[in-house]
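Below, subunit A partners subunit B and then partners subunit C, in two separate complexes.
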Partner chain A sequence: MVTKIDGATTCNEVERQVFETEIDMGTVHPAALEPYRVRLFVEDEIVKDAEITVGVNHRGIERIMEGLPVEKANALTEKVCGICSNGHIFNSCRAGEGALGIEIPERARYLRVLAQELERLHSHMLYLGHGSEVLNHETFAMRIFYIRESVMELLYMMGGNRVQYGISVLGGVRPRADLNLKEQQRILEVMDYIDDKVAGFAERFVNDPMVMHRIVGTGQLSQKQALDLHVTGPTLRATGYEFDQRTKMPEYDDIEFDVITQDGGDVAANILMRATEIFQATKIIRQVIKNLPDGPIVNRDWEMVDSPVYKSYIEVPRGVCYHSYGLEDGKVRHSIIRTPSMSNIGAMQESCIGHPVQDAQLAIVSCDPCFTCTDRAIQIIKL
Partner chain B sequence: MDLGYSIIYVIVTFIIGGFVALWLPGIEKKAEARVQQRIGPQLSSPGVYTTLKFFFKHALKPTAVMPRLYNALPIITLIVVAALFLILIPPVMLSWGPFASIVAVVGLLKVEEVLYLFMSSFSQSLMSKSMPFPDQAKGAKHRDAKQSFLETISANRSLRLISFGSLPFYLALFIPVIMAGSIDLSSIVRYQLANGPILFTLPGIIGTIVFFVGFLIILNANPFAFMEGHSDVIQGPIMEYMSKSRAVYTIAHASLIFVGSCLYSTLFLGIPPAMSVSFIVPIVCSIIITMAIAVTSAFAPLFTNREFYPTVIATSMIAVIGIITACLTTIIL
Partner chain C sequence: MGLKGHSRSKSIHVMLVYTGGCNGCDIEIVNAVLSPRFDLEQYNVYLTWNPREADVLVVSGPVVHWTKEPLLKIYEAIPDPKLVVAVGACALTGGVYKNIHGDIPSEEIEGPVENVIPVDAKIPGCAVRAKDVVAGVASVIPIINGLKD
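Coming up: the complex of A and B.
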């Protein structure tokens, strides 16, 4: 039952609703992969309002970076996130190179795109697997993790590690990440395998009436809501809005790909969005391998100089990621990192509303949260 | 049959039943894993060794309203399940008369369901309200909302199961009753000895389908596991069980799968769990049902109310059709 209290009892004369029950989950909860707290205000198991709180995993990476030479600071940015680790080091290298005016070799540019798209593949498959787990459909989760393993092997082949690959360095990429012909061939084979397997997975998924009944119409977010909340990445595109930061990145100038959108903004649209983007990522990787130029992979000819704040935006698997550097004699004076989940928290809260408590985690997961890397010190300036 | 022999008969049947029951969780997990192209655990691991391991774990006082009663509930569940098994054993079935009837079966299963409601109501795990987080200091959008434990949701869902969720299962139990024209289990068995198993009739086939769906609901198995839903309440009512009480709960749950299968074998095949070669039939039934549960669990997502209500209504309607068919069959024959 909703009791409305009129303006006289509230501070700012805004009508306030009192809900019967508040159900809290977290900060430690097995359905959540990361520590965060969600407070659900419910009536008869239907969520009427939701509040997500982060902040228990703050590590202060930007503060640690201050005073470090930009190369060392870059290495730290990779620790921001375990899923899009390459995205962070790629973006911080971009910011550092922009600040210091470093030109990077063409081959290195291509290899960075390749690593970024491999990361997108494994991240989207992780999303599909996690979504299936929250649906309690373990078989779909196991199948997609099985396919994902092939991408993890490629990342291991390229970077020597499964999580922190350390591919990008200031001025190019690490020698370890350079690919010989045999490795390039292996990547092409895996792309064929992924296209085949993910197509089969997606077909089974959309033809499962029980699964589709669970996800169609659940966690719906309208395009207007998404734009009002400044939602980014695939979560925004799942509402039908065509925006992809990759179309503005010079690294992708020579590469053809489609910006995928879906209508609906619900869990089904979000899942199909990521599944379809997997095929675009394999398409990009094939183009990179086909057009991979010869030549050096790193430019060591640069100097540590002063620089005003330089901003860099890239499209990581969850949306637009922002890094900025201000340098003083090549050392970091200022650094800000903003991850896409920061923009998407509003969407996660909104998409829970109106659905059963059981669907709350599903609605949150459908926005592909990454709260640990979102735990950054922020200052909200009210204008 | 003298009393001493009957007692030995019952004890031996219980030992065999208990031994088989403890292997069923392993069979379930293994079958589910094979569907998912995984190796899965050892057959003995989820049932036998898990129970043994729990017995030797360090016990803490559970965070519950009445900790002692909360800890006693698995034992009561086990006693209820044992009582259900007891009335299915031929010497008891024949000598206990009215108690060994379908009414007793329904009654005991209802008690088992109510015990889940008690568990959910008592449990107050760390998962939600008790989590140390400075909510009160921080404030919230809605400050006057009463904080609730996750188990409260489980209790609500448990109540829903008791009120109507398990209806299809109980309707399915009445198909053999109508066919045999008696509520006594011994009469149902005798009817099948004379006329062949009910399973091989149209009402029997319908009853089997409904029995299986209803049994999944009674067991809180996927896709009806919303009392222990992994996306919100996690373990729900059993979250706070540890050490011996969890071991007893594991035994009770495994036993319920076995006893349910014995009930099916008695009602639809006319073969109760007896201390003879025919005991193989209930055992095979329990293995088949366990594997069917595993396959269903592997291929179905967790249902919410949107899916649960239509499933219960549809299955109940099928059960009613089965009952009508059973009535018509009885009239024609």
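Coming up: the complex of A and C.
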């Protein structure tokens, strides 16, 4: 910590001193789970400016993908992120199928949506648990972690692994992910359990006056700021702007769901946003199980051809995720991955400003950061 | 067993260091220690973020360039006796980040954790399962109780 004292210190000159302090942490710090550097410029305990830097966790996964056949490269994209791993493999399979012109069976499309929504459930619950822990309310964190385990068990049942389950392959889904009637019944039972438990959690949360007093009005981000910074996902929807990439995806065409928005853009709006989205995700999963068509789950009838750059956008739990593939003879020549936390870094900086320094961590966490997956090859071109 | 060893055996402190990787193992480790389903605290093991309090260092991820020096500093800050548990395929072998195209080593990572600090226990898995973390950390508790101060 660096402390600078501005102004005169003699007693007859100024009555009130202004302390300008810079609090910096990182990039690798034992207290931060992920490597990022945050600099807070503080004046009288009020944050005047904030700066968040990422880039130390670069592993060069796009470089490893270059030259590999597209189905092997798809398997690697799962290692980009441990929280939204299915979002990455789903999106890269989508990009590869678009580039090679592969039609996927209807049942595989539904199973992919199912896996994506299960992932949204576990990611939002992780957010709620982590947020509660930053609020120092461990009881809430324990409750939500306990509910989250039921979703992890479903993912384990579906993909055979708790974190990187690899549901999608090029042309469909893996045979392991095909659900029989007993497994479908199990998913429906767990959805009822989650609806019940999360409703109880949310009711306790909003009726707790101490928690609400701490989070209402903290870390506020206005809608105009959010649109200027190109914020995506639930962080944008928490400012009242209705945008969801799922409404534009053909996978979700026959599925009914509401785009949830909250007003305010503060920490309370962000937390309630995720809590209410959980109910939409369970609603989608029920529809998927109800309308799950019979038939094959994978289409093996395709060829490795050249293709120009193909872009694909999907909605992962944190916002819009972008993958692009340029293929040459079925091998990856070019690949770019852009994760939603990249565009939400601006929101994290802005929501710290103007609030006391002790709220800064809460404001950063409320934007649901995932710096691990953000560390890609980034080039910022100033025009 | 002296007074120090006796008190240590009742409260083993685990510190988690993230050195790259995909975050999957870290969430499973935190899940193993904190969540009520697995609950590593039933074996008198607690999570800490202060290296001077820690007895066991849990390392995840392939060590990328920028995290090598902080990892060494954190390792040196832990008082003796100390044990290191490497968790996950990346920490054990470098995982998918180790090589590009066959045997060409990647320039982005410093290799597995063994290249940087000595490792006492290894927990495999990609991503590692929470019950494996519980089993692995519980297996080093007798070792750390037998070590001299």
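Methods note: the second predicted complex is superposed on the first by the 359 of 383 C-alpha atoms of A that agree within 3 Å, B and C clash if a C-alpha of one lies under 4 Å from a C-alpha of the other, contacts with A are read in each partner's own complex, and residues count from 1 in each chain.
We adopt the following convention: contacts are C-beta pairs under 8 Å (C-beta built on N, C-alpha and C of every residue); 3 or more make two chains touch, one makes a residue touch a chain.
None of the values given here were measured: they were computed from a predicted structure.
Judged by the touch definition given at the top, the superposed model places A:183 against neither subunit B nor subunit C. In the superposed model, A:64 lies in contact with subunit C only, and not with subunit B. By the touch criterion defined above, A:85 lies against subunit C but remains apart from subunit B after alignment on the C-alpha atoms of chain A. Touch criterion met: A:135 reaches subunit B, while subunit C stays clear of it. Of the two partner chains, subunit C is the only one touched by A:126; subunit B is not.
Shared-chain residue A:28: touches subunit B and subunit C both. After overlaying the two complexes on the shared chain, residue contacts for A:146 are found with subunit B and with subunit C alike. With both structures placed on the common chain, the touch criterion links A:163 to subunit C but leaves subunit B unconnected. Looking at subunit A, you'll find residues 27-31, 142, 146 touch subunit B in one structure and subunit C in the other.
Every residue of subunit C that touches subunit A in the complex is listed here, in rising order: 15-18, 20-28, 30-31, 34-37, 49-51, 62, 64, 66-67, 70, 74, 95-97, 100-101, 106-109, 126-127, 129-130. Taken together, the subunit B residues at the contact with subunit A in this complex read 32, 35-38, 127-129, 131, 133, 135, 138, 140-142, 144-148, 150, 152-153, 156, 222-223, 225-226, 229-232, 234, 297-307. Across the interface of their complex, subunit B is touched by residues 16-31, 37, 39, 41, 45, 49, 51, 53, 133-139, 142-143, 146, 210-211, 213-214, 356-362 of subunit A. In the complex of the two chains, the subunit A residues touching subunit C come out as 27-31, 33-35, 56-61, 63-64, 67-68, 76, 79-83, 85, 126, 141-142, 145-146, 148-149, 161-164, 370, 372-373.
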